[in-house]
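Heads up, there are several structures right after this.
In what comes next, chain A is part of two complexes: it sits with chain B in the first one and with chain C in the second one.
Let's turn to the complex of A and B:
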């Protein structure tokens, strides 16, 4: 006991003052002056900032479960940040020197680092096994994904909707979601198959996500098979994180409008990703939104439009199984109310917003649900009345006036942690003063709002987007094909003329 | 090979290729630079081409020599294959270019936005009229500076971090959801150029308080009047300057902020 204490004294007298300066200026606002994870901002984010004191539990390690991280591990977290959380990447923001200094300083918060008998030893990770077809690798990966219990937390299709999902909390009792394995750009430790494999070998200490190294030691599966699991998980996310494009192009379809979200007609239509973030603008604000974004597709016929919105949501709310989770969320966050809310089984909701009329200039209503003077036209759907949606005018975040009997058609499917919903409506509208008439060939502003009831979201507590655009594409006019042909004929003719002239001139000169 | 390298035509071609390689592959790896966008590459290449043409046409002999291979291609019977290929390629390129030009596609309307529109001369803050002209941060002259800064820091971390970010560079964890992006206070184009009274107005009235030219309907900047008192706003303004090291612009000297 005396030995570690002595060492502690040595470390404490070491000059960590440069690191302390960096820490106090840039880290303490979240991680707290004393490293307890209780900085001024701490109660405005989930997951909350890491507590560096006590057991020093770190998620992103190359060392076995239960051990301290190496300096390289810590430096990686500081450099790259923890995607999907509030922890920023510091590589470009602090100098090499500053990052090393602050690393040394955060280690002084826990006595465990002072004890050099506990030198963290990295796991020896092999490299990805080669050979075999991709399909075989993924099949083996899927098989072990099922048999070693990933689906218990992450769900059958990996959207974080497993049977244990509502019960999960970290070691400090904070709420935690089993990661949505379809969004690898939000994985705390990086999204490559290699990163995933490392997390599977070491676990994320302090969270329910276990290490699977012991299963290899117990010969339950081989190292190669665990790699296959990592490769399978990687295959669930797109190759690249989705890029945000401003304009949703809705092609003209000649066949029937696809009313059902799983209609095969949707497969050939381009999909657009829009990130959603917390509503932190008006009271009551919401700092921990659960819906990270929506995938949108749209098509139109000569007289109607269909808009399909797809988003991942771990729970089919209202669901009382998630009430304890809601309680944990409300306990972890400070709220704008003076009284703390009581958890209730709120439904999931989605709103799609348009202006009341297509603007001719730049000006449009306020993106966050309009204002009393300039309302917005919205479609609102709630999981408590699944097959009906209402249309209406929002005049600010807290005022929505539904228009009876004018809601768009709606069809919805909930499938393994994902809502898929289509809205359908006639392009023309009976009441042009309060219902947007859709027109082709124009950039129509559109915005999206989503609520996950089982995360405590309702009212102004939601995930929001800014204005994007929807364009109902017109049939391609013939001139689009004629002009290039004309231009080519002209160019070719001109080219041949030049050649001919040059040859004429030369032969003329030669003759002379 | 030697003969080719001495010939002005091939020198010109080589220069063009080199310039292209430098612009596309070398510039992005230089510290502090990014990928050069396509349209800019085109501009650079056009400039280089004009430079090269000026150089070759500068000298009569060089110009004649330069034109020679071009002329050869046009007339030599043995170069018939090259001639045909060249004509075909140029024709196809023109076709593709025209197609991409006439293929009308609805684009997002241009977002023309004045970042720092003229502020009003006075505002009503929670029922109280505050004249902005000549207004200084009152906290600079009263009370304990360290306490004001600690207060500003608390307010910043509890309210501004998700958008403006811990590093005050506009890259908070919610920033990517907004357009326009949250202001980058580390950049010399935001608070470094502004008086504290301007910043007070922006914090108090937020996006909705902007005049039309500031596109108030798009800005996610909250109107903090709803959440913060006058003193709280002044203390967070103090914190912005202290944490970034910029000096506010003063009313007497309209000098730029300095770091």
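Let's turn to the complex of A and C:
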């Protein structure tokens, strides 16, 4: 009897006013004053901010499906943030004390945390099993990836393009994507094999992602086999998150220009990754872009250039299977329009942008599709006219003047949640005033824009990059290789001559 | 035709489940309140006015194993209508009137929820607080079972193969807990969790029967997934049998 009373006293006297101050200042803007996930910024986010009230559903936990998170779980999400979402890491922004205070305050929003019958028990996670070859581990992982049905949502190759992907929504009815398993740096619970294993065990409460712990208890698979699934999923992403390098180096190739995106010539060419973000500068703004980045490779011959752009996209738009998803996206986000837009089967699009002429200084046209006075030269491709691309001048985000008959060559492949596209063009141009002539040895500004039609993107609702550079490497002249060798031989010869002369003199003196 | 057979079978299944629940409650030993088989009974029929909305067809082409279980295209079960506008799948329960101090033991037998042909059987059902819900997968495909609840903790577990079973319980009364499968977006079931055995689900003829009620005045609520809720007040003295009919407006 004493015990619960004591506990009650502790709970009652726990001071949450310090936490409230931190919360009001740093958290309420998105999560709302009352913790309902309805702050000022909430209607510009997918996924939306967490609603701390009600039954206190949290995705990232160490506890079984449906249980409350532990304090350590909550603190981890505060400290590290949730990658792939708008939630930043607070570890470096708030003090230890402030983070603990705000944690205590967040827990006051739901009655479940004060309910002493709720005792979250963390799952006892083992550590990754050793033994066997990496190839064997991944083979077993792949086998169970198929047998436990991951592909239903995440797709055959893991790009979040499974047959159920267009129908997914969270408990509140908001649209939700099955994770693209090739982008582990965007996993909200962390991207290590261990993190993935934990998510498989606990599930992500409030989302379609279930817990797979029951399968171990029911001997459908062993704990080790579930670890192999996690290791397989981890293997789909690069070893390190891609780093942004500003300059795309396009080597000179002596063989034929690779026109097809899957030409084997591309395998030996260095790839560059560029992040894309929502276009939130001009109306109508777009806060929930589906294309998060593009992988770019380029090569050139003496007279032509080939530029390959690869990006993950869960749908080959237009696809009516995704219309309901588009409806959910439009319902979740605040719109700049006076009337809410109706879902339509929009196509996927990509634009590559250059200046009209290579600038001599650092001055470049406005990155967001130029301006009336300083247009930019663009290549535009749309999945509705798949095998044709248009070239033209953009004079601002809402004005594009196509140049008839001057589009670059284009070849495209859609494969398991990924577009792979190659643009080809002659380096020289017939109309140097409005079509960029490519030149070697110069830093050519380049930018990228992408639209996922099945995510409601069209017009100004798109994903954008800033300016980067494309450099067409010059052929290395023969003298670069010969001069150092010549210099070395000459130095060696002179040195030997000096030594020989010195030896001659010494022997002459001795003879005397 | 097949849909009708399904609802008939489903209805019979429901009745079996409910009567089982009642029986075990009856057999339960004191000291907790014994539900007298000789108590009062509330029976009634649920109907609707207007035209029943058409249930959407389900495209099961992704799941050949489920699709093969139907001779014709299966539909969702949002509104299951019987003859003369009878409304099936209505959860009818005693919302208030049972004395607060009375507690009822949970039946030892579990309620079975079967995933068969990528649909839930039953589609609407009741369960008592603490009673087991046995979730069975009769399909050779992956189902996840997500419970969306407010008064109860939710859960979301997976069953990737035929024959898998998992049992869950609910700690608090809640009308209704939503069950859904995210792999198959059309799969929905609704579960009423009650602290007493005084609930029923209407069969294909729209009828229901709640037995064993002690004398008292009760608020009865009828819940339908598309048409909402309606209530009625019924007073029972001794072992009499009373009726409560409900009519929903289709929309």
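Observations
Here, the second predicted complex is superposed on the first by the 463 of 512 C-alpha atoms of A that agree within 3 Å, B and C clash if a C-alpha of one lies under 4 Å from a C-alpha of the other, contacts with A are read in each partner's own complex, and residues count from 1 in each chain.
In the analysis below, a contact is a pair of C-beta atoms (placed from the backbone, for glycine too) under 8 Å apart; a residue touches a chain by one contact, two chains touch by 3 or more.
The structure displayed is predicted, hence computed values, not measured ones.
In the superposition on chain A, no contact is made by A:61 with either chain B or chain C. Within the superposed three-chain model, A:282 lies in touch with chain B and out of touch with chain C [touch as defined at top].
Put simply, more of the residues of chain A are touched by B, taking chain B and chain C as the two choices. By the touch criterion stated above, A:471 is placed in contact with chain B alone, chain C being left untouched. Considering their complex, residues 71, 74-75, 83, 87, 90-92, 94-99, 102-109, 111-112, 153-154, 156-159, 161-163, 165-167, 169, 171-174, 176-179, 208, 212, 215-218, 220, 222, 226-227, 243 of chain B touch chain A.
Listing the residues of chain A that touch chain B in their complex gives 25-26, 29-30, 39-41, 43-45, 85-86, 88, 93, 244, 246-247, 249, 275-278, 280-283, 287, 334, 336, 362-368, 371, 374, 441-443, 464-469, 471, 473, 476, 479-480, 483-485, 487-488, 491-492, 495-496, 498-499, 502-503, 506.
Chain A contributes residues 54-55, 57, 65-68, 112, 117-118, 147-149, 152-153, 163-164, 167-168, 171, 203, 205-215, 218, 220 to its touches with chain C in the complex.
Touching chain A in their complex are the following residues of chain C: 62, 141-142, 144-150, 152-161, 164-166, 171, 182-185.
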